[in-house]
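Heads up, there are several structures right after this.
Look for subunit A in each of the two complexes below; its partner is subunit B in the first and subunit C in the second.
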Partner chain A sequence: MNEQQLHDKLRATGLGGIGELESSARDPFVVVEASVLLEVMAFLRDDSETAMEMLHNVTAVQRETGFDVVYHLCSYSRHHSLTLKVIVAQPEGEAGDWEPAVPSVASVYPSANWHEREQWDLLGVRFNDHPDFRRIILPEEWIGHPLRKDYVYPSTFGEIPLELDAIPLYERDENDPPKPSEPRPAGTPLTQPPSEYSTRPDAGGRAPAPEKKGES
Partner chain B sequence: MGLLNNTLPDNKLVGAVDTAVGWGRKSSVWPMTFGIACCAIEMMAVFAATFDLDRFGAGIPRATPRQSDLIIVPGTVNAKMAVRVRRLYDQMAEPRYVIAMGACVCGGGPYVKWGYNTVKGVHKIIPVDIFVPGCPPRPEALMDGILKLREKIGREAVFARRNEANTQMNAKYDAVS
Partner chain C sequence: MEALEMYTVDDRSDVYTEELKLNLGPQHPSTHGVLRVELSMDGEIITASRCDIGYLHRCAEKIGENVTYLQYTPYTDRMDYLASMNNNLAWSLTVEKLLGVEAPERAQWLRMICAELNRIASHLIAFGTYGIDIGANTPFFYAFRERESIMALLERPSGARMLYNYIQPGGLRRDVDENWVTDVLAFCDDFEKRWAEYNTLLSNNRIFIGRTANIGVIPQDVVYACGATGPVMRGSGIKWDLRRDVPYLKPYEEVDFDVPVGEGTHGTLGDCWDRYWVRMREMMESIRIIRQGCAALPGGEVMEKVMKKMYKTPLTPEAGEAYMRCENPRGELGFYVVAEGGTSPIRCRARAPSFCNLSLLDSLLPGTMIADAVAIIGSLDIVLGEVDR
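Now for the complex of A and B:
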């Protein structure tokens, strides 16, 4: 089945909250309300024609208006795939450390377990009723979620220095410990390499190539 | 070497003994079984038959830090791993040597700007003897680093007062005793 047929199939179930198929995207997706997410997933998995055996990716996107949580489903036996999106709008007056919450689909697809923990680790998306909800890679004591747009880069983790120009631990004077560096503005990276080595636009772009000699 | 460490005069006899001891030490550098990331694959190639580090007496990685002289740090050291690297280094018996292998370990590598949890070079955590740059370095580059380390170990004076640092250390020792 192609995406249009899958979408028709979903609509025919009578579940509310299933949006239109966005087929202009390279990876066509359907926007689904969070309230019916588990039912939609269970239907796509159990129906003999859709037969989505695998949830191979759960990811999230931070936008100015909130978060998109993206689920990539595919079927080995039917050779088709579908992308579902849950859009969580940021309520008015919420600060930048607002944490969106969606229901966990780990009860339908066990593979979602670690993917959802990764999204919590890096983007701070909460998944309700998750069986083991904690960070997956970063230490438990880590502050913040690093892929947020307004993330403040830390200069140290405990006593471990993270800056390029930090004084090595074994060269420090116990009586004269180095002063902690100033907290940097949100979104500012730890180091700014010289612009001629960087292709990043915020670092000034690549320096112009030197003119070749001997050519007129 | 206990009480005799760098306390004997620097004459030809002590120098000859030092050379012999240095040859023995540099020919039995025992690295630790330790790998973090992709550089560890190249390190394993160095230990294996094609490149055969055993020609230089450093071919059998030891399974515990307490038996090792050398820790090769192959791969990105992040904040969580840095605590472990530091602990492993502290568990090694002196004299101990460190080879930083790969761009990440030499100074952050591709994570130098946006790496929120990458330690920008393992020399922020433990003192490094040899830096081997590359992403990852070829096995020949790591072998060259180990040969450089062998030279360094062979030059070290065990018994003789040889360099300024040793002289100063012995002066302190004489003043106390």
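Now for the complex of A and C:
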């Protein structure tokens, strides 16, 4: 079945909240209300004609008006796929740290478990009734969600400085900048000749090892 | 005898065992990178497992939102660093889908040959390191010998040994040299003989079969439920390969190859040995594809003329979104790219096969022995660079 037939099939179920098939973008998708998401998913999985055995991918996309949560479904027995989208608009007056929430589909497709945790971790989208709702990639104590457009890279994590300049690699004297090394005269070997490895300190070589006391 | 009797306990009421928490990794050779698994042990039996990932996280998706489409290609190399060619290919196809262009025919055939060569190299690592996991050190050196030849072959057109950045949106960076195809065919002849050696060495080894058969059985419904793809899926007997079922390159429609699936040869269908054997047979199928590709390789350009013009400025696809799936050595890699008309995407999601395959582990380990945990992790063949991205 192609996307149009799948969409017709979905409309025929009588479930409300199923939008038009949007084919203006490169890949067509269907916008679904969050309230019927679980029913739609369960239908697509269990119906013998749609037979979407696998939830391939779960993604969230931050836009200026809110968040899109995108589900890519695939059928391995019927060789077709469908993209579903839940659009969560940002309510007026909400600040940048607003967290959108959609129902978790992990009860229908267990593969959503890790994907949803990743989207929570990196984008701050809440998935209600998730069986194991934790961060997955960043530490539990991390503050903020890095894939947000307004995310500011923190200067510290606990007591660990994260900025590159926080730990100086070497002390640099501003009055005495490092000089460029002198060019090597033609014909001189790269490595020093063995005579340099003299034990005498005045010869410019390595100093002799100090004598060990108390041992004989 | 008297001394022994002193320590004999008649009353066992004070003898007890308690649950032991065991950290497998993150610095453990059998975790293939930096994976930490928190195991709850009852004696030698695992009662619960909890994966901890993210040690190699570089926020590749955030980087994708800040660089141009072309600049992101080298970053895809570093996701699954054992199969860079395939990652480049998936990314290039996604961008091409967004732009609505297609690579020239010669580039498509060369792409297929390079991707299959890289698949063999990647499966060789899986084969070699799996031997080490089980306790056989020798296969690793054999595998690296052949992998070295592949890296030398891929180095000639791309200039790099592991992170190629060779396949680009619109075609290839440059054409191969004139002797390349002959050398690839020579490698194919050589590899077939070597492959027979591997089987005497490891595949049919009695100890190896004992360690892997009937271990870590994944039923088909679990494969679908957890979103496992690639050799893990095929090892459970599901005959599905994107190259055959949804060909993403034209040459895949024209070449003739089989899709090996697990058959439960030495035990239950979907055990570790089946997954291993699927990978081994896939190498030979890749050789078949490469042979046919070399024979049918057409002439012509390797980069689309339209793209050459496009590259004078950063690529700017129209607003839209594309999801592209490709059959990587480890499973189906999917790139989901959302463009809003700028020079970089606003969302650049990578659906990593290793990530999904690894999510199986927590349900697979409970009830098995600690020694089998290593065999099970090895049979999933994960690359942590791709899991953490």
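By our rule, the second predicted complex is superposed on the first by the 167 of 216 C-alpha atoms of A that agree within 3 Å, B and C clash if a C-alpha of one lies under 4 Å from a C-alpha of the other, contacts with A are read in each partner's own complex, and residues count from 1 in each chain.
Going forward, a residue touches a chain if its C-beta (ideal position, glycine included) is under 8 Å from a C-beta of that chain, and two chains touch if they have at least 3 such contacts.
Everything numeric in this text was worked out from a predicted model, so none of it was measured.
Touch criterion not met for A:Glu39: it reaches neither subunit B nor subunit C. Once the two complexes are laid over each other on the shared chain, residue contacts for A:Glu53 go to subunit C alone; subunit B is not touched.
Within the superposed three-chain model, A:Arg26 lies in touch with subunit C and out of touch with subunit B [touch as defined at top].
Taking subunit A as the reference, the larger set of touched residues comes from C, when subunit B and subunit C are compared. When the shared chain is aligned, subunit B comes close enough to touch A:Leu162, but subunit C does not.
When the two structures are aligned on the shared chain, A:Pro154 is found in touch with subunit B, with no touch to subunit C. Look at A:Arg63: by the touch rule set out above, it reaches subunit C but stays clear of subunit B.
In the superposition on the C-alpha atoms of chain A, the part of subunit A touched by subunit B in one complex and by subunit C in the other spans residues 138-139, 146.
The residues of subunit A lying in touch with subunit C in their complex are 24-27, 29, 53-57, 59, 61-63, 70, 72, 74, 76, 79, 83, 109-111, 113-114, 118, 122, 136-139, 146-147. Note for the complex: subunit A touches subunit B at residues 138-139, 142, 146, 151, 153-154, 157-158, 160-164, 166, 168-170, 189-193, 198, 200.
Touching subunit A in their complex are the following residues of subunit C: 53-54, 57, 59, 61-62, 65, 97-98, 100, 224-227, 238, 240, 245-246, 319-323, 325, 332, 334, 336, 338, 346-347, 349, 351, 355-356, 359, 388.
Within the complex, the subunit B residues that touch subunit A are 79-80, 82-83, 86, 107-108, 112-121, 123-127.
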